[in-house]
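You will see chain A twice below: alongside chain B first, and alongside chain C after that.
What follows is the complex of A and B.
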């Protein structure tokens, strides 16, 4: 009987997460007690964590977490989709370009049409990616890279055609929605006043978890990535399941990209575009979350929360936290998690083509 | 199969990628034989500020002198070297304008190699390792801190009084303003230093929050930064952050507070936000480009010199937003005129560094 069997089941199942929590608490204790000025720092940091800060962190989480959830559906089904960043760009651009062609009113159908068309556009690009990978057996990583490069070039190019400019002028934005009663609560009420994409994320995370873990479709997705042969033998088309997984990743990225752009009401195509690496961070988030939508959301929220924290700390005199340094945390974290904690396991058939024997 | 797909994918990616940055030929009115090569900074045209201002300058020169020009938009600082060498090496250009401080390292080398080529550098000074000015480069730099002092002074005066016009208002209690920068560079530091000094000139007790977005093209982050500033009680936020600033304006509109634009009069270039853009710190990059072309047309191009443009030379200026012209209280406009004269006369010392 090994030690592991003696531990309570909950501890065994969540050993990694618990280790992380214990390590963080230990680090915090050291900072507070040993490092000079550590206590003051912790007081300052906890001072900025208010409802307004959390609301900001949630808004920053939206594109990252939607990209991450999308990536999970695709990769669990057996198609590695590293084009998430590109799909976010497509979503963001399409949302704004749709607004350009719709009448300029604040009527609610205008913004939701832009949102819907952005999701369709992103899903369509994901479908093309799926065709290239599944029908033409392209290398998934390279095809995914192509999705990103094409979006990175095409969106600014199309912007120049539409607006003679890589950056669009400004358009209407999502207005905030408040949840009755809850939003009137003192101090935490602000958390319940947010733009629709934030609420959609709160619904999407448990929903994605439920679909993947408790439905037949979820089992198919899992089997398609782990053991496509068995799925095929059971009479389910691996091709169709993989198409569904990839298109769903397009749908989620479309929501994330449109959510980002419709919050600002503008598309910026210069440099890395306004998406600015959020898709890549989404990719690292679901690896850290070990292909679990809840874990991926928590990782996304952690990264977005650090970013929001960095924004607040810069404003307190005396702290010079470099935004560039905060920007590399997700990538350092994913290397640490993959190399040292090492519990992230790719679906065993992800990245491989499946040839039905029929 | 896999390799072919690889090549095909890369090919498509590269083609589409390049499509965004091809060199555009803008025609020739052949009044003069002067041909100008424009190499912009990596933000590219369409930033509604710095690069577009430079482009306005060359367009104006085209209209006035009938020169012809060619634009090149590097995607990254790494491409700047190629464009500089391409223009200089072709022997077809009388002047190569390098817009932005990112050009300086490559230009110092290229200008010495192509010593017959006339260059203009905006926002930096080309110096050799010995500290000598490169002989065939005319340098234009701006004293951004002076213009920023003016908008800081304006923001400081507004936040300490009750003001209600356009899409926003300020209250007199808890004077608090903000500054959002793009990337942490020496130039943006001048904006920040001048702005803070201007606010303190208005009132010592004003709280100034500052933060950098870490990017010139991330309005999402710009919006979050400005939102937290407005949430914490800031009445006015000044941005020097390129396209990131679009998010600052959006945040200003939803918080119903004021913002200050940068580089050109953003109440006109970003018209949708004219009800909250109380002023802009205009930096006349167009004048620099125009004057340098004029000097080539008049055949009195002076390499190896530095044109240092501040308030006195009208290189920088605080311009009141189009919705706020004549709407600001007289005490504010008078105070601004007074502090402008103070800076020009040297009575007010504006710091260049925070």
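What follows is the complex of A and C.
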């Protein structure tokens, strides 16, 4: 294979990501050259980007990127899981409600139990979704939407039952962990002081990539979504692989949701709940990242970085940025990217039921 | 899935991109979400009316049962002054599911005021339910009715304010103001449906994703516009100036905010949509364009334009729901609009996406929503219960196979013709 073959292929595989980058650069150029005072603004904004800004961006990436990785496993295995948002809500709520029923101490086992039970709860709901899709052949898109809508009602409902309010009181939060030596480095040291979910994400991204691309299980996942018949012929149960994929998406969403809630120490159930569309952003992050965990992570980080930027800019006097407007940027970006790219290259059998001939 | 082109259609994609949409269905690409929509439509079309009704009823019954279990279990966790049930070993429960549902029924239909509230909800749900159904009939899943409604409501709320000083405060003025409000809502909602429609038709962007994203954009945009530029400066909350009385639909039942004019209008729209889709050539073309693009194009129909038309029509109905909300219920736009757009999905799937079926489904859902206020007020069961029920209904309707297996297990009658939930079974 010559270099000429490699390059277009790379471009083709990453059309969405490249379009996004080009669009962002174009927008930046317009701001710097055309908009009055734009250059000053860009200078000011880039001044905000410090190690502590990056640290907060990483923290905000946690729920989005975990949802995205979960979505990749499920959809690659052939089950479109658009209920990621709902699974995040389940994870976030379960983590906090577990803290409510555990003794009020800062002992380390308390918060990790809450974390573990949240992951189990989310995985369990994902398992139910898998049964509905695989055994009862439900329409995956409608069933996934139902998972979101049920979680959107169930979490505030249960909050009111437990706390007589859609929002919970405050509980303990994850304390930060420092990586020895690295955290003592000047200026970038802050990047190595973070809560456990952030470090878990840093481990999960390459791990997910490795599992999907370099292991037998990853090959099964891929085949289950692309060519289930061949997988079946090879003697591997398509059903089991799909179950594994969906349940894994629940595990990842559980980590993301619990990480989100345990960083804050509270569950907020008003409006769209504290998850507030992060699952949907995660879904689009893996579409932009073309089902690659690393690409999905980068897209998630980009969106979370925007969110963190808005928080930082609010603190600079003279910048009256509407947080709502910045908040809708990820959604607008996705719509624009889809308008330019359109069709997403899904696993070819995703969304279909597979009947084994045996 | 037709396996004509083999599994790895990587390169087929680039080639077919140029040759236009007519080869769409010939490509062996079962993974496309459009096919998913088609499969859903398949069972909706193939299932007989009786089967569809049976599935909807069964879904409803199961949702109510699961909801009842949820309420029952929550009763043991909730704290209340007067427990209604005592079960040895388990302890006291605050809620009795039978009582909850009975209160819900009373709260929905028990008095004129309750009935007015139910019919008010029903009217709005008719519009949002029809919005979703219109798209579904054309094989499109419009999850964006909520956003279309929010922006339609905002446009109506803003457009009607200046009319107070121009129009006479009489029936004549009303005959101008109310249709105008509807048109404004329909145009803006329709535009918000046009965007995902055009993206679907010309850029092949999946409408489920784009409409969900546009919901967030619509909510954020409306919030930004009202809180920063267009809001009522007199208040601290994010809302617009109230519309003048000339633009308010007169309440039919005293003390309520329900207008029978709006209900009759909604029913007429349901009938009109039924006639459009089942009795006219345009309706036929709209249906086939979404379901079988290639077939439609062979017969000389511009399938892409029809996809845009369907989504715009769907969005316009969502926008009208918003307009009616402003003119009949709230008299102004305010942030945090009720999730009538998502309720519309439940209404539509419960109705098997049939415009006439939307009528009883909207009434039922209106009753649920209205009754949930009473349940919250009288028994302290959170009104979010109805949100859970909404999700459960959608979930159960989406899994007809479950009921078929259940029916088989208990040997109910003869096994019906297998409903094609899966394209693969059809061949």
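Please note the rule applied: the second predicted complex is superposed on the first by the 316 of 358 C-alpha atoms of A that agree within 3 Å, B and C clash if a C-alpha of one lies under 4 Å from a C-alpha of the other, contacts with A are read in each partner's own complex, and residues count from 1 in each chain.
We take it that a residue touches a chain if its C-beta (ideal position, glycine included) is under 8 Å from a C-beta of that chain, and two chains touch if they have at least 3 such contacts.
Note that the structure is a prediction, hence the values are computed from the model and not measured.
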Would chain B and chain C fit next to each other on chain A once aligned, or clash?
clash
Go through the superposed model and pick first if A:143 touches only chain B, second if only chain C, both, or neither.
both
With the two structures laid over each other on chain A, which partner does A:328 touch: chain B (first), chain C (second), both, or neither?
second
Where does A:44 make contact in the superposed view: on chain B (first), on chain C (second), on both, or on neither?
neither
Who does A:273 touch here: chain B (first), chain C (second), both, or neither?
first
Would you check which partner chain A:157 touches, where first means chain B only, second means chain C only, and both and neither mean what they say?
both
A:283 contacts which: chain B (first), chain C (second), both, neither?
second
Return first, second, both or neither, reflecting whether A:350 touches chain B, chain C, both chains, or no partner chain.
second
Under the contact rule defined above, give the chain A residues that sit at the interface with chain B and also at the interface with chain C.
132, 136-139, 142-143, 145-146, 148-150, 152-154, 156-157, 160, 164, 166, 271, 322, 324, 327
List the residues on chain A that touch chain C in their complex, please.
12, 80, 82, 132, 135-143, 145-154, 156-158, 160-162, 164, 166, 225-227, 230, 271, 277, 280, 283-284, 287, 322, 324-325, 327-328, 331-332, 334-335, 338-353, 355
What part of chain B is in contact with chain A in the complex they form?
1-2, 5-6, 9-10, 12-20, 42-48, 178, 184, 209-221, 223-225, 227-229, 231-232, 242-243, 246-247, 249-250, 254, 270-273
Using the touch definition up top, name the residues of chain A that touch chain B in the complex.
52-53, 56, 59-60, 63, 132, 136-139, 142-143, 145-146, 148-150, 152-154, 156-157, 159-160, 163-167, 169-170, 173, 260, 263-266, 268-274, 276, 307-308, 311-312, 314-315, 322-324, 326-327
Which residues of chain C touch chain A once you look at their complex with the stated criterion?
1, 7-10, 13-14, 28-33, 35-37, 39-40, 70, 74, 77-79, 141, 143, 195, 199, 203-206, 208-210, 212-214, 216-217, 220-221, 223-224, 227-228, 336, 342, 345, 349, 382, 384-392, 394-395, 397-399, 401-402, 405, 421-425
